[in-house]
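Below are two complexes that have chain A in common, paired first with chain B and then with chain C.
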Partner chain A sequence: MYAYIVKRLALVFLVMSGVTVITFGAMYLAPGDPAEIIATARYGQDLTPGQIEWVRSTEHLDDPVYIQYLTWLNHIIRLDLGRSLITFDDVAEEIAVRFPTTLTLALASLILSLCIGIPVGIISALHKNAFLDYTTTSIALLGVSMPNFWLGLILIWFFSLYLRVLPSFGSGGISHLILPAVTLGASMAAITMRLMRSSMLDVMGQEYIATARAKGLDKRTVLFRHALKNALLPVITFSGLQLGFLLGGTVIVETIFAWPGIGKLLVDSIYARDYSMIQGCVLLIGLLFAITNLAIDLLYASIDPRIRYDRHD
Partner chain B sequence: MTETNFLLAEFCRNRLALIGAVIIGIIVLCAIFAPLIAPFDPAEQNLRERLQTPSIQHPFGTDDLGRDIFSRVVFGSRISLSIGICVVGITALFGTILGLLSGYGGRAIDEVIMRFVDIMLAFPSIILALIIAGLLGPGVVNVIIALSLTQWPAYTRLVRGMTLSMKEKEFVEAARALGASDTYILRKHILLNASNPIIVLATMDIAQTIIFAAALSFLGLGIQPPTPEWGSMLKAGIPYLRSATYITFFPGILLMLTVLAFNFIGDGIRDTLDPHTKEMTLVK
Partner chain C sequence: MDWLQTYLNPKTVIIAFTMAILASAVIIAGCTDAGQTGPSEQVLTIGMSTDVPLWQNSNFPGGDGRFVWSQIYETLVRVDTDLNIEPGLATSWDTPDDGKTWFFYLRDGVIFHDGTPLNADAVVYSYNENSYVRAQGALQTIASVEAVDDLTVKFVMKRPQPLPLYLTHVAWPVVSPTCVDSNGNFIKPIGTGPYAFESHTKAQQVVLTKNENYWGTAPTLDMVIFKVIPEASTRVMALETGEVDMIIKVPESDCIRLENTPGITVSRKVSTFTDFLQFNTKTSPFDDIRVRKAVAYAIDTEEMSETILEGIGIAARGRPYSPVMLYSNPDLALYSQDPAKSRQLLEEAGWTLSGTDTIRKKDGRELKVSILVGRGVWAARHIQMAEAAQSYLSDVGMGLEVKVLEDGALNQLESAGDFGMILRSGYFVWGPYPRHFWLHSSQYPNSHYQNEEYDRIATAADTTGDETRQKELYYQLQDMVIEDLPAFYLIHEEKIVATNDHIQGYTITSEDPWLNLAGITVR
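Here is the complex of A and B:
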């Protein structure tokens, strides 16, 4: 087990190093002179050469690339993410303020999708190939195929503009959370439902279920004591892995609903070409993702010993 | 030939897959014959007829600049389909090559490629695509670049896994013993056996790519107006969401139908080619 943990930690370290290289390197994808781009973002279109040169020297853009990277790396290791190129706000502080808002939205969507996906998946599996099963699986397929930005707009139209019962933008009480959480959680609920259904069908076909029934246990006991426990395992693991999916979704959902989280911050920073803010957001997302994956892998390895030997060979 | 006929019959027996194929067929025809089908020029503005509700003359209504939404939706199918096909073509090709190299090329190459894949998978791919598209600037080509750079690891992982298990099989050893070259084995044995899952992944990936491309345009980082594109049409309709809901409604429906149809087809192909995984879900 220890060997596996060490191996896995080494991989996280490697991945995070790669993430820093990509994050830093992405800035050089933008066509044009970085100093000029930053100066334009900061001072507007009418630039004097003096302003460009001033940006170049204060942001150390005239150093060789690897020196710039190492300097930057040296700062972020000490959690100094620098300042916004445009508002001069502290990046780490801004992210720390925004992060709980995103986490609230992501967790609300996750809970919502589990609360819908698991029961519906079970019901669907128990009525396999009946009308109820066809209806729910069709709705689920519709849910998987529905782009969340379109769903969001339709929900705003119906609940905020037509019925006028829910607010369409901003954050505040529970009422602000409902529409964004439904928008973000819908497709995940659909995926969870499909996974729960197939997992349930898989378990129900196992011999130990037939044995339990054969020894005279009633249907309900078999269902809840024997089948459900085993069928839930892959669904729960998968939900953990879906954090990345949720983080990706927040970018769009937060923009539609003006939800002041990391996703909206990232999109706004891309519009403004605020490189240090973009880098901060991407690093956070990469780190979160790496840590979740690590946690799931370790959890899995502790449950199922085979994984420790099978993987990464 | 009989095998192909058999598979085709099997595919057609799957009603949903058949519906999907019909929908895609119609949309492809719309894209090819767009100038013949669309009653108006998709970019032509007519301010006198702005914000008209759906009618016989304008089946989907007109937008805030008086452009015919039906014509724009028809022309929009060209953009979405070509981006989907281009990106999936590029990523499937390069992802597969990297996967073959990784699985067959020995430990060092495998290690390098797979760690690179790990790094790529450390971000939700839409976020990386968003940043690349944002930095490159708007436009069809830049959207294709952004999505191609971020969508390939799924193929590499899949093909590597297949290659690793395949190269230990007896028929590969037999081929090697008979003196077959590595490229022959890769081409004739491994790739041929890995092609079914690649086709299934690619079909579903077209759906995913079309959504991602529309999402980029919706956020204003992809295809910009006046080019008719479903995602940017949705964005343009937001200010009129209350008074003229049809502006956002129709492009969204088309987007959803296209994605749904590709998912139906993907499901159908998988069930036809591999009956064992009939219960497997649409989880990547």
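Here is the complex of A and C:
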């Protein structure tokens, strides 16, 4: 087990090294002269060539690329993500302010989706091809098909404008969290439910389930002790990946609900070509992905002994 | 996994569900906002699309930041709601040598929000060499700023310039020297405006409070809260629910519906912005004036404003300056749609149709051009306008490829000269002064136009101190734009602000980045 963890940690380190190179390199492959774009973002369209050159020298954009990379790497290792090129705010501080709001929304929608998706998936599988099954799968199909921006606006219209019970935008109390969490959670719940259902049906068809039943165990024991544990594996994988995506922020939902998270920050920074802010956000998102994947792997290993003991993994 | 077995049976699931629903109902009921202030307080809440990016005058406040700046900071010279020049922090000004030297006489007894007196030193500080406007902006022409006495400031220019008109810009205000500490680190925004800075929660809100010592007409509101709501549809709904009392930059597509919504008042006024098609006159086909004219004759800007913009805005028909601007010629000879003339001009230029072709050709090359549209604040309107242009031009045999790009990509194509037209708005526009004419001067790298006569007149117009002469020169420039078409001007924008019926006494202004809150009361 320790060897397994060490191996996984080494992999995280490798992935993060790759992330830094790509984060840094990608900005130079994007269209447009960085100096001109920063100057435009700062000073509007009212530009002179002098301003562009001024930005180029003050931001050290005229150094060789590898020097820029090493300087940058040296700083980020010491958790100094630099200052925003546009607002001059400290990048690490800005991210520290935005990340908790993203985390709140991500966890709320994940929990919501699991609380709905798993039980409904199980019930649906147990009543395969019955009325209950058709109803839940139809609702799930609807949930998957509804685009976020549409559902979000409809929810605002219904709960904020028509019923006047929930705020339409902003972050703050739990009331502010409900609509964005439901918007995000709805489609995830639907996918989780369908995954849980098919995975459950798959496991229920296995021979060891028939054996368990044949040796006289009651249906509930078979279901929860033997079937569910195995059926949960794909759901855990999926939810872990989803959490990774959610922690990277969800631009559309954050924009619609004026939710001040990482996703909106990243996209605004991309439009403004705020290099240091983009790099900070992407690094964080990369790190979160690596960590959630590590967590899934460990969770897997604890649920499924085959993974734990496989030395050729 | 035994816990699962214990807890996850259908009965507990149903109970848990019911409880979750009940719990959320309780939370919902408990969370409807009680409001932050007492009932007698006058609090105005405004929804805006972007946060304030910064508060220092070392940079330019983009987006909607200027609406907030205009409450806190003030300028030496101001414009009223109809763009007439009036005294601001300076009560009067004069120039002894036709615009080379300017003296500004400051208003006596004005104090900044923290009690610092407004004096000549504060003005000198605000326009120091590191300030944005002098270091990189439009007033690099200032040679020096000096305090003559406590209430007199002398600006010396490198060349004559109508400085008072430039100093109306809300992004170049007078700021208190106490905004920064002794080490030069920024503390907070301190100005002389009717409302003082209270707090700023990034990406969420800015709170301002009444300036009890305001020198002008006493502000009517106790508190002004600017809420950041990026999505236009959410902003509109937040107005309808009453979560905000006012929204600025209402999308054209929501305007008519809101006008017909009870409890909502929509204010509209022609602004200083004009949408235009800028030609790349350096390469084929737009290096030929006949092809540029063919575009002008092909497009019906009146139909465009009536249909696409639902009657909001005024058809420009080529007029480069909004009719509300200083020196905008009301009798300018404008374009009217004439497809036959457009086709004839293209024929004359050698672009001909043969057989069943729908696109004209010249020397075997098809008449296909690109139009670049930025994915910025005007994208919603501009994309539709570009598509309309596409259809007008296909009628006369010109193929138009609409490219919607984010700013970096657009700038790259623009720098490389790899485009036919760019659809833009505003550009060098604030206040009433037609500084926009610089765009077509070849001194400007993005003009894509070369005309020595134009350059000469533009420079002369910006350096003369004589208003009659200045008007004459700007009239000449307008004629040249119509005649030689470095750009074809489409629509004069209408600014739209919507308020709900809690708000009384709002007066909209023509100036784009200035939000006038004078005389507003909240019920």
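Here is the rule we use: the second predicted complex is superposed on the first by the 257 of 313 C-alpha atoms of A that agree within 3 Å, B and C clash if a C-alpha of one lies under 4 Å from a C-alpha of the other, contacts with A are read in each partner's own complex, and residues count from 1 in each chain.
Convention: a contact is a pair of C-beta atoms (placed from the backbone, for glycine too) under 8 Å apart; a residue touches a chain by one contact, two chains touch by 3 or more.
Quantities reported herein were computed from a predicted structural model and do not represent experimental measurements.
Once both complexes are superposed on chain A, the partners chain B and chain C clash. When both complexes are overlaid on chain A, the residue A:185 reaches neither chain B nor chain C.
When both complexes are overlaid on chain A, the residue A:170 reaches chain C alone and has no touch with chain B.
By the touch criterion stated above, A:87 is placed in contact with chain C alone, chain B being left untouched.
Of the two partner chains, chain B is the only one touched by A:201; chain C is not. Touch criterion met: A:248 reaches chain B, while chain C stays clear of it. With both structures placed on the common chain, the touch criterion links A:117 to neither chain B nor chain C. Applying the stated contact rule after C-alpha superposition, one finds that A:156 touches each of chain B and chain C. Of the two partner chains, chain B is the only one that A:285 touches; chain C does not reach it. With both structures placed on the common chain, the touch criterion links A:49 to chain C but leaves chain B unconnected. For the contact definition in use here, the residues of chain A common to its chain B contact set and its chain C contact set are 30-31, 153, 156-157, 161, 255, 271, 273. Across the interface of their complex, chain B is touched by residues 11, 14-16, 18-19, 22, 26-27, 29-31, 141-142, 144-147, 149-150, 153-154, 156-157, 161, 191, 194-195, 197-198, 201-202, 238, 244-245, 247-248, 251-252, 255, 266-267, 270-271, 273, 278, 282, 285-286, 289-290 of chain A. Per the touch definition, chain C reaches chain A in the complex via residues 1-2, 4-5, 8-10, 13, 16-17, 20, 24, 27-29, 31-33, 53-54, 56, 59-60, 62, 132, 135-138, 140, 202-205, 227-231, 233-234, 237-238, 240-241, 243, 375, 406-409, 411-412, 415, 427-428, 445-446. For chain A in complex with chain C, the touching residues are 30-33, 36-37, 40-51, 54, 86-88, 94, 97-98, 115, 119, 122-123, 153, 156-157, 160-161, 164-171, 173-175, 178, 220-221, 224-225, 228-229, 255-258, 260, 264-265, 271, 273, 303.
The part of chain B that touches chain A in the complex is made up of residues 115-116, 118-119, 122-128, 130-132, 134-137, 207, 211, 214-215, 218-221, 231, 234, 237-238, 241-242, 245, 248-249, 252, 255-256, 259-260, 263-264, 279-283.
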